[in-house]
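Chain nomenclature is as follows: A, B, C, D and E, assigned in order of appearance, with residue numbering initiated at 1 for each chain independently.
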Amino acid sequence: MTELATTLRAAASRIQLDAISKSYETNEVIPSMSVELAAGEFTVILGPSGCGKSTLLQMIAGLEKVSSGKIRIGSQEVQDLEPKRRGCAMVFQNYALYPHMSVRENIAYSLKVAGIPKTERTERVRAVAAMLALSDYLDRRPGQLSGGQRQRVAIGRAIVREPAVLLFDEPLSNLDAKLRHEMRIELAELHRRIGATTVFVTHDQAEAMTLADRILVMNKGQIEQFDTPRQVYGNPASTFVAGFIGSPPMNIFRVRGDGAKLCLENGEAVMPSSTTGDVLLGIRPEHVAIDAQGSSFPTFRARIDYREHLGSHEILNVSLASGETFTIATQLGDELGYGRTELELQFPPEHIHLFDVQTGKSLSVKKKVN
Amino acid sequence: MSTLFPNRWLPLLLAAPMLALVTLFFYIPVFQAFYWSFFLERPFGGGSMFVGWDNHARVLSDPQFWSATYKTVVFMVIGPTIAVAVSLLLAVAADRHIRLAHPARNVLIWPKAVAGASIGVVFNFIFNPFVGILAPLNGLFPGLWNPGIDGADAFTMLIIAHVWGGIPFNFMILLAGLQSIPRTQYQAAAMDGAGPWRRIIDIQIPLIMPQIFFAMVLEYTESITSAFGLIDSMTQGGPGGATTLLVYKIFVDGFRGYDLSGAATQTTILMVLVLLFVLAQFALFERSVKYER
Amino acid sequence: TDIEFWYGNTGTAEEAIQNACNAFNGAQDDHAVSCVGQGSYEVGMQKAIAAYRSGNSPVLIQFFDAGTLDLMLSDAVVPVQDIMPDVDWDSYINGARSYYETSTGELFSQPYNGSTLIMYANMDQLGEVGVTEVPQTWEEVITVAQSLKDAGHECPFVTDGHPWRVLEQFAARHGEPIASNNNGYGGLDAEYLFNQGVVAEHLSNLVEWRDQGLVRLNQDTAAGNYTNAFNAGECAMMENSTGSYAAAYAALGDAVEIAYAPMYEGYERHNTLIGGASIWTMKGHSDEEVEAAKAFLNFLRQDDQQIEFTRMTGYVPVTTSALDQLEAEGKLDEPEFATARTGVESLNMPGDDNSRGVRLGFYVQFREIFSEETQRAFNGEQPMQAALDTAKMRGDELLRRFEQTYQGVELP
Amino acid sequence: MIENARSLNIAASALLLAGMIYILGPLYITLMTASQSYQYVVSNGVALIPGDQLLANVVRIFTETRIPIQLANSLFVALFHAVGVCALSFLAAFAIVYFRIRYGTMIFAVILATNFLPLETRVITTYQVAANIFSPINALFDVTGLTNLFVAVLGHPVQFELSLLDTHIGLVLPIMATGTGTFLFRQYFRSMPADLVKAAKMDGAGPVRFMWDILLPLTKTPLLALFIMMFLSGWTTYLWPLVASSTPDMQTAVVGLARLSPDSSGEIPDYPLIMAGAVVVCILPLLMVAMLQRFLVQGLVLTEK
Amino acid sequence: MTELATTLRAAASRIQLDAISKSYETNEVIPSMSVELAAGEFTVILGPSGCGKSTLLQMIAGLEKVSSGKIRIGSQEVQDLEPKRRGCAMVFQNYALYPHMSVRENIAYSLKVAGIPKTERTERVRAVAAMLALSDYLDRRPGQLSGGQRQRVAIGRAIVREPAVLLFDEPLSNLDAKLRHEMRIELAELHRRIGATTVFVTHDQAEAMTLADRILVMNKGQIEQFDTPRQVYGNPASTFVAGFIGSPPMNIFRVRGDGAKLCLENGEAVMPSSTTGDVLLGIRPEHVAIDAQGSSFPTFRARIDYREHLGSHEILNVSLASGETFTIATQLGDELGYGRTELELQFPPEHIHLFDVQTGKSLSVKKKVN
């Protein structure tokens, strides 16, 4: 671990949002949000477009004013401070590098503005560049760099100030899949080394799942769930989270409980349950058991409407006699006979999620996921 | 490339009207001027004599020519520089979200609609040493300002009027440039600790260098057009030739003095001069103002 | 037949010309002249050059004095006397003839709006310092100017320093040459001579007087122009063309008095030169068009026409018959016609070879040079003598180039 | 953004205010003077306060001067210039950008070069060409010896003649020889999605159809901006209409306006009349600029994306 | 099936490329390629950027000239025909819709250019719009449509001319993942209905795997493999194909055969084999067996360097004692204990691929894949 990284790790600060809200004129983007991000934690914010992710980030950074509420970074109330006095650094979606400055100048710019003497500047830029494997490119302009290199410059620019908080607004969305994958690994490694409190906005689930200590799922300016990736995947707090995370997403359909079991619309029983009235039943495509033998719970006959073979596995779109359609992911490496058009399915109770019909909130007891 | 059409003659046909026009009214006159510069032309025609480089020698050894050239260069350096600089300041100001920005964006381009020749009278009025806006100053310091006597004053007056007319175009170009700077670029600088003043110098101006360059190049040629109308309506080249720029001298020599050969010779020299300016501009700056975003 | 006539005047003179055109077109049906204003003599001349080169020249065109030699050698005009041999050309006053005739005494163009230089005074203002007569010598002018200035008058005497006023007319009436070869009448190899003698002294005096606040130039006046300054009552005296009289009279009424342009004491007064312009007939037109042109020229030459023109503008009648008719009608003493007497008398003073006129090539361009150099002297950038020396040098270059341009062409 | 930009905003406001005063000052004085009487100006000079003669002066412009007919000329020149430049440069830029021709860049250079030498620098010889646009051909005959051939065969030389001086068309053609429009369109075309051409080709459209059906409708914004620009420069151009027309009825309003200041005839210039003229002459383009300002800025993003 | 679809299906034509080559000036993009695409077949072209995919498509379409060789569509030689006379239609990456025309006009444009009378035009646009569920949007401009709708317009524009051949140049690459998935299904459905011979260029493997009848893998202008998706995935013809398809890609490392078995660099045996000398051994991440018990072939101890949890499965980056690093994909739904740092691995022989060290060509006997 470099000296720089040590310093940074020491600087990591807790972020507390205390009932913050944000409206643009009449448009209430964030009604009221309270949340605490631990020092050094890597938080990924996930949510549909327009739900207020960037707005939230920018309020933390000081690029947008809060309409009301308090933001604390470390022990300091910052909601009225200028961006430069908050100790945050930000990496933008398209990096927003200064195209007229060399890599060196880009990275050194914040130090220069802060009036740090030339020799110290040089030293710190050198250290950051070494850490990000940018030493050979210091004299290039951003226009002469590849996408991945540009991102590293953007990160270098952010960390050279040794910020307590690192903010990322969809930094990988402009990269192609392969580069994205590489950058993801680099980012995780970086965080491991410097440990700044990190907030990372993305649309990409793979990024969210792999990078986050905790994922904050947002919807219309509100927190749907804030938990570890495993919990978010394994115990989605609402149908929104369930439908939003996982690809293909969780199958959700309406069932009716008669106090003893849950039944489909046409009366076929799905599983035993003491629930009464309508509930939403959710099961992930990969959890639907195919041709499972010898278990005691009910099976369904399903017709294959459409199958997609992805090499490593298959996605099947199937429909039940009762009319419900859903998707199934076959096991990796496992392939069903090509000619088959019908399957025998089971919904293993340990993989079933129940949600309230009205609110969409989870009714399942929270299971512990390792 | 498949984004192109393969036709061979059609493009020529399409470009032909424009080419014909520039040939007829640009290249032939330019060539004609070049041709005449080697002849002594009688004003009414009927006899022209080949004199080789005599005309050039005569023009080049004429101190008046050099003084007009010098003034042209001074005007071409000062006029466009101020016009672009003032427009730049205004554009930076109008790019901010302030109440005046909206009306200013409109008002500042109004001069585009007003001909130099018709506003010259007004500027003469304004700068009249006895009744204009500087008259009170003359009351305090007699003789401080009189563009009718002092060449520098007259020159200043021309520049002020030229800048007045040059603001709109430059302002539009520069404002368009500023508005195309992505918002995140400012945000990044703010995160880096650069305040709004500092961002002007470090971010905005460097990023619209291409537009500044473009405006400067066009200003050089525009300054010549504009100078003519203003000189003709304001100073007629005076006092004592102090505002006789080359373009006006050519007009006077050719149209008032019937010295077609001399005027043609100076025309060719002026052309070379303008081209040198533009080329120098390109050589000096073009590379350094192209950024890939 | 329809023909065009181009002229350069503006203001009242333009109105008078348009009136004359209308009168001609109304008076007969055979011909129609459209009279086209060009805004100034110079522009008219420049347009004519291009028009002639492209074969579209008008039949008739008004040119001013300064372009005389350029036109004579141009091979683009026909002498009026050639196309109208029967006219009594001798009836044209001497000052007009000498300027526009060839060495053989043939008139090249028909004098039209003739003018000459005279002295204007605002007698109301002169009266305030007890002066009742228009001063006739420079010495008097300066004395009067001094007392005006002492009385707090800001602008005693005004001129614009135009060479027609300060050089050509001055030299002619003082009998001094501005160039050798009798101001060019003797051949194309003339050289300028104005940078010496009384002409040079006078110009140096003007600089000194201006510094003393006795003489003002355009740029020293609030009106921005000497004529305007005089007419607005800003200045008390000016030297100007008779052609400006109508405007002055309109502005100041009877307060305006005119007299001969001032002389230096000790010099014999010679004739002044004719100013304004004459009408030239351009080559390359059909017989019918030439007929129409002749009819129009004949019309303009009529005494009534000349008198009306004089009344409207202050330009002087150019034939003795017109003058005689004025006299016969007893109008010569009316203020409206004041310039006729003073002007024609000034033109008809006894002359010598130096007061015939100016017959120098590229003279229009020379005037620009002269103005430029002397302006710089007036504005203190160089001594007047240096200005004159430079102007002579630059002028001589012009003359040599003119000579070269018209190599082998005979002075008519 | 949370930051203190007050000082900058105040400075910017002050600057804009100063800028607007600078721009509006001369226009204001024009308007004020136009509303005064001749007497007022004779005794007071510049007018800074409004008078009640504006209408009267404007009426005089329309009754006593040639400006009404000159306005018509200006309108012709401005419109023809705008339409002409738009059309010709559209075609030329299309040819340069969308065809596989090796000399495309050369054509562009040839056209763009005109921008670097304004008409003012070559007015004398342009005048000669306008005086007889066939003079180059005649010269060609002379140089190639064809003239001698004509003389030998026909007994007289063949010389063509067509003067554009004093014609409406002659007022405008020479000023149309600029590269601005071609440059603008070229930049714009180059920023258009390349696949449009391919799509059009697949749809069976040839170059002309592509140009008419697809390119032209998509070029509306820069077209409008260029139209306005060219209208304005046609309206305000001074030197060429000054030299290319010899009768007042052929001159443009700007030239006519300049002619209202008498050339040393001894009268004090009728400034209210001149200023009223200036108002009349500027009002149409001024309205145009004020109302279409938005399109101008949008359409003038000349730099390549 | 609509009438239109019937017509199209009837029109589907075979495409034959006969030794075609393409050079731009000195740059030889396609050296020489011969291939035959059956009538009605859905061919996906897959290959790295710049390998000549678009060039190939454009040569078929007539947008680019071939440098040499022949192209036959149906029985006609077309290489010298104009695009409009080849019976091909094309859907572009960003659709290249005419932004100033309504959907109706966009679709009708080619008919209009062809001079087809108004009434017929209206009828055909109506039919196409109905088929693509665009009927409600006919009067909108492209700017007012969603990404998926735009794509349908682009397809409508292509099929309205009833082309024998439909060409797609990365038509989905501008869409987000979700929409992409939907469009993919729609495309498959469309092809099933109208059956035009289809050539589809993409970078996306999921698209290639799910849409293609056959995949044509290209590299530097040459065909690496042209076979069904299953064959391409299951029996890659070369290391290039093996490394290009599958995400994460196949692990490939060098082994040495002593005639009896294949061994790693450090001598550890991997599997029995009669091969001698160096070969490349490939195994897909999902085929590596973890903690497999009771089988007879060798096991390896591997250290977990880095793990990515993707919700449905995990990707592990592991390294062997011999230094080789590779990736493993865990079974869907299967999760390894969180704290584990070491695994016991096996390479099941039935999943192993062997390639020539020099040429990279497959040495395995071609297995039949269902």
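Going forward, a residue touches a chain if its C-beta (ideal position, glycine included) is under 8 Å from a C-beta of that chain, and two chains touch if they have at least 3 such contacts.
None of these values were measured; they are calculated from a predicted model.
Trainee: Could you tell me the least number of steps, going only between chains that touch, from subunit A to subunit C?
Mentor: 2
Trainee: If you average the Cα atoms per chain, which one ends up farthest from subunit A?
Mentor: C
Trainee: Which two chains have the most contacts between them?
Mentor: Per-pair contact counts point to B-D as the maximum.
Trainee: Taking each chain's centre as the mean of its Cα atoms, which chain lies farthest from subunit E?
Mentor: Centre of mass proxy via C-alpha means gives C as farthest from subunit E.
Trainee: How many angstrom between the C-alpha centroids of subunit D and subunit A?
Mentor: Between these chains, centre-to-centre, one finds 58 Å.
Trainee: What is the distance, in whole Å, between the centres of subunit B and subunit D, each centre taken as the mean of its C-alpha atoms?
Mentor: The answer is 16 Å.
Trainee: How many Å are there between the centre of subunit C and the centre of subunit D, using C-alpha atoms for each centre?
Mentor: Each chain reduced to its C-alpha mean, subunit C and subunit D end up 39 Å apart.
Trainee: Going by the touch rule set out above, which residues of subunit C reach two or more other chains?
Mentor: Within subunit C, residues 46, 53, 222 contact more than one other chain.
Trainee: Which residues of subunit A are in contact with two or more other chains?
Mentor: 62-63, 82-83
Trainee: Among the residues of subunit B, pick out those that touch two or more other chains and give their numbers.
Mentor: Within subunit B, the residues that touch at least two other chains are 2, 128, 130-131, 187, 190, 195, 255.
Trainee: Could you please specify the touching residues of subunit B with respect to subunit A in the complex?
Mentor: Residue list for subunit B touching subunit A: 182, 184-185, 187-195, 198, 202-203, 206-207, 209, 291-293.
Trainee: Please name which positions on subunit E make contact with subunit A in the complex.
Mentor: Those residues of subunit E that touch subunit A are 176-177, 181, 184-185, 188-189, 203, 205-206, 209-210, 229-230, 233, 245-247, 284, 286-287, 306, 308-313, 329-333, 335, 337-338, 370.
Trainee: Considering only the defined contacts, which subunit B positions touch subunit D in the complex?
Mentor: By the definition above, subunit B touches subunit D via 1-8, 10-12, 14-15, 17-19, 21-22, 24-30, 32-33, 36, 86, 89-90, 92-94, 96, 98-101, 103-119, 121-123, 125-126, 128, 130-132, 164, 167-168, 172-173, 175-177, 179-180, 186-187, 190, 195-197, 210-211, 214, 218, 220-222, 224-225, 228-229, 232-233, 247, 250-251, 254-255, 260, 263-264, 267, 270-271, 274-275, 278.
Trainee: Residues of subunit D touching subunit E in their complex?
Mentor: 193, 195-196, 198-199, 201-205, 209, 213-214, 217-218
Trainee: Which part of subunit A faces subunit D closely enough to touch in the complex?
Mentor: Against subunit D, subunit A makes touches at 62-65, 80-83.
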